[in-house]
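What follows is subunit A paired twice: with subunit B in the first complex and subunit C in the second.
Presenting the complex of A and B:
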């Protein structure tokens, strides 16, 4: 069986690349995992030098979901993963006073309505979840019909009433559901914010509720829809995954930036590194994003023009900026800092923050998700100090004014908003750092600065992700596969990496 | 408000219109890519006789023409088209075609290499979006120069003689080569190409010099038998030559509404032009799979049919019963005195054995159904030695 046990190269040691490499190595394949940066993690890696003594995660600061198959197989607790906090509550900061949500439990007058809505959505998310664990179905031949039928039956098993309700809300926008089901503007804000977190969409944009369902579909350690922060932050999770990968036999090479995927147009034969080195392999799996992989590393010449055009036109606009503040003291948000805080007074604020971004402008009142990793895990900041990590929405990926001007305007708008919520915070700032979507694109290689390496929207989901021709992880170039957030089901749960490894193993048998 | 009156003249006039219009005795015009050109000036049979016996002028200005320039123009065309553009010498022309990702033909056309980094692609349909999309990642510029180039096809055994009389020495010009000559204040490029399968040339100049060229050729050519010809006669000649016409002999993949209407080059008998070894090109993977898996669904064949009734639009049957294909072009050839047809047959009937054609023959208002056996025959049906002879014969 020539070639069967030859080397496999995986490009990109983010959570999906790590999960994929681990599964392949556990199946006896010789896997080399190439990471361009000095540390693994991708979107989960650490931000360098915020200020002396201050450490912050660069992009992701919380984990919403970890693919249970990868979690079980990688056994991360054995590789040093500890949790600083699990089941982290969400607090909505509002002029009406803060409101705290713990899963289905909410404070305030809508507590009952929230519990009902949350349970229903959790139930729908659970019925949809199995689709995350399979290679997307095709409209044509070669389907895994058994798995597909099982998943569809599970959906139908919701019962007529619930199934009809699921079909009603599946493609609805988050804003309508918030208005229909809730009266408390803080809960509406939470729903609308979470449905559009990381998306290039406002809560009134079509098909936004499904993004919330996708978020609720995840789990960590058997806990569904739970938010967790590893001890040492997300970079510690990446480090534990890297150790698990190495324990499985993966060779991890850091600082190895791939400059080119070598192909004769038919088959892949290896990669060329930026330092000039060459690695040969007849199987290459790239986790760095479909666009970067095919348009940049392979290049259009080896690909058909129609595929290249379709991939170029795939939507990949980042709408989220990442703010990091090194603080000299604890800010006063009027609430317990052991929470994920959402700074959005009501659903309209979320929509209003998106409006200017449609036109390449910076919002005056952005909304944000704030986390103080130092509140959970003191190692993040010097004694008495704090580090604030916030996802600020929405930010233009291609601003009309210059990029530096847009960044400055976005920072000022964010700090003004924070100052109003936590008076005095500006005076505590030791150092502020803001990554706009184009900074994220440059530093992390994510097309358009979009977290998912291509927007996660209904028209780019499942068998449409990233584009129909590439939806089953294989590419037209034999031996070259795609994985990562840009492929089904998106995100950094490791599910895409696990699925890809399965598809590769199946194809090679 | 500026009055919008474009609808009163839905078709544009070519640069030769001031000459072709008065000659068009029947005012029989056809639409071609948004322009009007004569279908027949007065007698298609006489015009066809001109193509095969003297010389004819045919206005080909509406042909779609793209200019492709840049240091990577040859690389670009190799990715776009089936043949190896890098091996096309400067000053030469080749017949080529291109496909979509699925290896289905989008169009065929002629590629002119005007300079090392300078090409012109002539074709039937418009393709600018596809050409521009294909250019992503290549250092090339692409422009539509359809209305900036006036074209005349000078075809027929006497065409070289006409050019000599007009002062253009093309005696050394081989088939599929081109040369440039001064004309008035400008110049004319003459390529030894055509759509008739006969000795012939195509002349390219600017719209400004178009009438000068026409008058000059007519002044020197008319005494030698040069006559204008319309599209009807040219289509008869091209059928005799066995040439394909887009949207008559195949539906371009990008226009096909029905999934099974598209054709691969292998299914259109164009497999010979695929340069498999030149490196990747759009459609290569699909075509390789088709070739290796022997999954071609159709074969394009030339047929001989008994009798003299044209089989245009007829259906082919295997064993007189099972539908096996259909005719896309057919004529009783005045030149060959044969009844010929170009047809698509399902791949399993490609050998054409026990194949029959059902022809509805109109005889004095009444159709008679004929079921005639067909014989597979070589294309081109008509290929006289004079089309290739260099120096060209003087008649």
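Presenting the complex of A and C:
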């Protein structure tokens, strides 16, 4: 096969692909990173054209976690990363008045209860965090027993009482914990919202508290469970990561869409690009999602039938829509705009917003996370104007009434809620844009429109992610590896990419 | 006089514990608040000539080991297997179910040839999960937070069972334990009616919908039973569910145990951290070396033990134990067999369970109503006519119909049920049956409608939860009922719990009662001669 040869090809320059490529390049490998779009970032990309003078992050608008290993090795501040805000507070918007939460500090009658609960959960999250940094354990031979034993001992070191409590709440639902521990409906709403953010599950679904623990396990710049927004927004983070990758020696090719992963029999030999170009490598790592990689780029014919069936059945339903508003003035939510705002009055509202989505219907009263990037960083909007970026939950990925009708209904439902929370906001709208899960799938290649390239649920976590046969980043095709949010531990923190690079290096030794 | 053991509540688990203790030579007394025994496993004559299984209605979970140990067949117990079943579809179609796997397969093929193929694989997979979990039922869960030799030994034993499985099987098991039944069935089946039929066991008695993660485990919980050695097969007790507790009572008396009915417990006496007996309502005091409660953990601890005698964090944990009821029941005396036009003449479906919920979406919507604090507008009903198999329960030509209804909340929009709510609930269920069996209502001679309110008031199930505590992972195994106390003990020395709020949970299974007896006898250093494979780690 003709074409240029590199040691390793990484497909997809999202945060995980960038982290993975950088680590491999730093270890002296010749790495080519292929990105289909004109700019790197994946889910951290910019929205191309909201309205003249308005810039909005396309999908991710905040960062919850950045893998500390990747953060240290990529040294992003040297590559231009600055923070517009760190430790962003959360304000719950409610008919009872807004309530602001800063980590374990909350106002109101539940201040003590919230502090206790938050600290306990932070402690559990800290004990679980080391699992994020390892290749998922195998349940048989060839396991990294030492690492596993160390992580398990760390759990046990919580002490008898806390260890028992962890085992009790590990698979519990968020709703019950909120009701057991808190009385303020706004705090209950915050807990339930954050536990189901980006998931296809309501807070009453068992196995949802662990999703909150997973969020709390993250850190940025050594700060645990801290929300940050880079100067210039998430696209600026992606740009800094791309510069770091290139500084490490990665060849980044943008606008290079991979059409096929070429295999000869049992092993990978390179990729074919959509423009007809060919690239050779005996090691290909794909960060674009397990389903897209194996079912679309490799093709079922080169794979075992059982694996194909399992992969097709892997759950990848997106439940979140993304709303962008270009506003001519500052909306009045009755609170400081320098916050992440959660529009949900109580835990029941979060659950009720999920109910219709189970049946492919649009909720009448969606709940949402609202951020005004322009409040933190004026470059996002023209003078006096604002950009509102919101994650609206829940949204059907396969609506019964048709896609355009569902999008219109979702937009109307969202705007009606916003208008109730910030009267007059509808008159300020210069442009509104809503991405439903199927739009997210089309624009970002995320299967089902799910942020994680496959639902992050207990039955698809750790050694079950994305499916048991693929959980250690390797695939049955020699030289073809998976990374990205679809693999353990999910998300765009770069942890999956870093872990994969480690697994690849170990296998090559 | 002082008893060796006084047992609070003559439900099936209380009686099982009593039987084992009496057989080991203890002097045992069972006290029961009602004038009849049985708890939720009862047969009652509420209208002349008709025997109702007015709470639990099927026997399959009851452990065969216990039946053998306590010689229940000799004491009159006979289990009759179902012979069929059907889901009646909206619009007139139906999906029949049969005792025979191959017959089921043919019936599935009528709806979807692909699903008929999948049924073999599905059955094999579920059976494997059942085989794995069954040995765990009759063992005390280890406490993973303690380093006692027995807990460690038991954990190792479980680890050994797990390591005997292949990697793929372990992954399959973890997924099965954590998934929703809807997602699980999607892996195998495409036809909505077939999925609706198979999802039933995952929602019975549960405050979960078929789309809730963890519901697949509940299916397993219902499948663990066996009638005549067929895993997952269900059956009727001849003479109604009360036949089980009657046989247990007879077995107990033959070993010298006593039962006192109409004797409600007021208070468990505690002195210096240990129990000395109980006081009954009315003031009678019964002295006993140990007190064993068959009531659920909430009722036992929050109503009958002084708060001052319990550690604060234990009480807090008991309060967090979830017992939200989700089921109701209609018991109906019929003047004849209702006609279901959709079913073919002579169908065996009437000798088993009938459902009118033909999609998972309908089940889930019924659950959404429950979450919002209403009974389901279009409920799921598990309807059967036990007298089609067992004519002893009614006068000749008449029939008893049992309708188990999912979902009914413990409270209506946060307030207590009223009689009007109960009647509206009953009417909703009757109307649903009438839609599939026109003329059915004309056959009705008597109806007893039971909501969680009635289940709590009569049977004593807190919030009407039929499992004495929800079956979610935070309340299973070593977490049941309270972390650190899964070994049937309580913070009060010699006060034990033996009901369904302990491992392995609800259903007329008898396993909690048996496991509690094993622990009590072990604690008393008495032999458990009659107990088949009592424990693994001694």
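Everything that follows uses one rule, which is that the second predicted complex is superposed on the first by the 502 of 509 C-alpha atoms of A that agree within 3 Å, B and C clash if a C-alpha of one lies under 4 Å from a C-alpha of the other, contacts with A are read in each partner's own complex, and residues count from 1 in each chain.
Throughout what follows, a contact is a pair of C-beta atoms (placed from the backbone, for glycine too) under 8 Å apart; a residue touches a chain by one contact, two chains touch by 3 or more.
These numbers come from a predicted model, not from an experiment.
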item: Partner chain(s) touched by A:459 [first = subunit B, second = subunit C, both, neither]; value: second
item: First, second, both or neither for A:164, with subunit B first and subunit C second; value: second
item: Between subunit B and subunit C, more extensive residue contact with subunit A; value: C
item: Partner chain in contact with A:265 - subunit B first, subunit C second, else both or neither; value: first
item: First, second, both or neither for A:408, with subunit B first and subunit C second; value: neither
item: Touched partner set for A:273, first subunit B, second subunit C, both or neither; value: neither
item: First (subunit B), second (subunit C), both or neither touched by A:176; value: second
item: Partner chain(s) touched by A:505 [first = subunit B, second = subunit C, both, neither]; value: neither
item: Shared subunit A contacts, counted only where both subunit B and subunit C touch the same residue; value: 469
item: Residues of subunit A touching subunit B in the complex; value: 264-266, 295, 299-309, 312, 469, 476
item: Footprint of subunit A on subunit B - complex, ascending; value: 75, 79-80, 100-101, 130, 133-134, 136-138, 279-280, 282-285, 288
item: Interface residues, subunit A side, partner subunit C - complex; value: 138-140, 156, 160-161, 163-165, 167-173, 176, 180, 201, 204-207, 313, 315, 351-352, 355, 358-359, 457-459, 463-464, 468-469
item: Interface residues, subunit C side, partner subunit A - complex; value: 144-146, 162, 166-168, 170-171, 174-175, 178-180, 183, 186-187, 208, 211-214, 313, 320, 322, 361, 364-365, 368, 371-372, 472-474, 478-479, 483-484
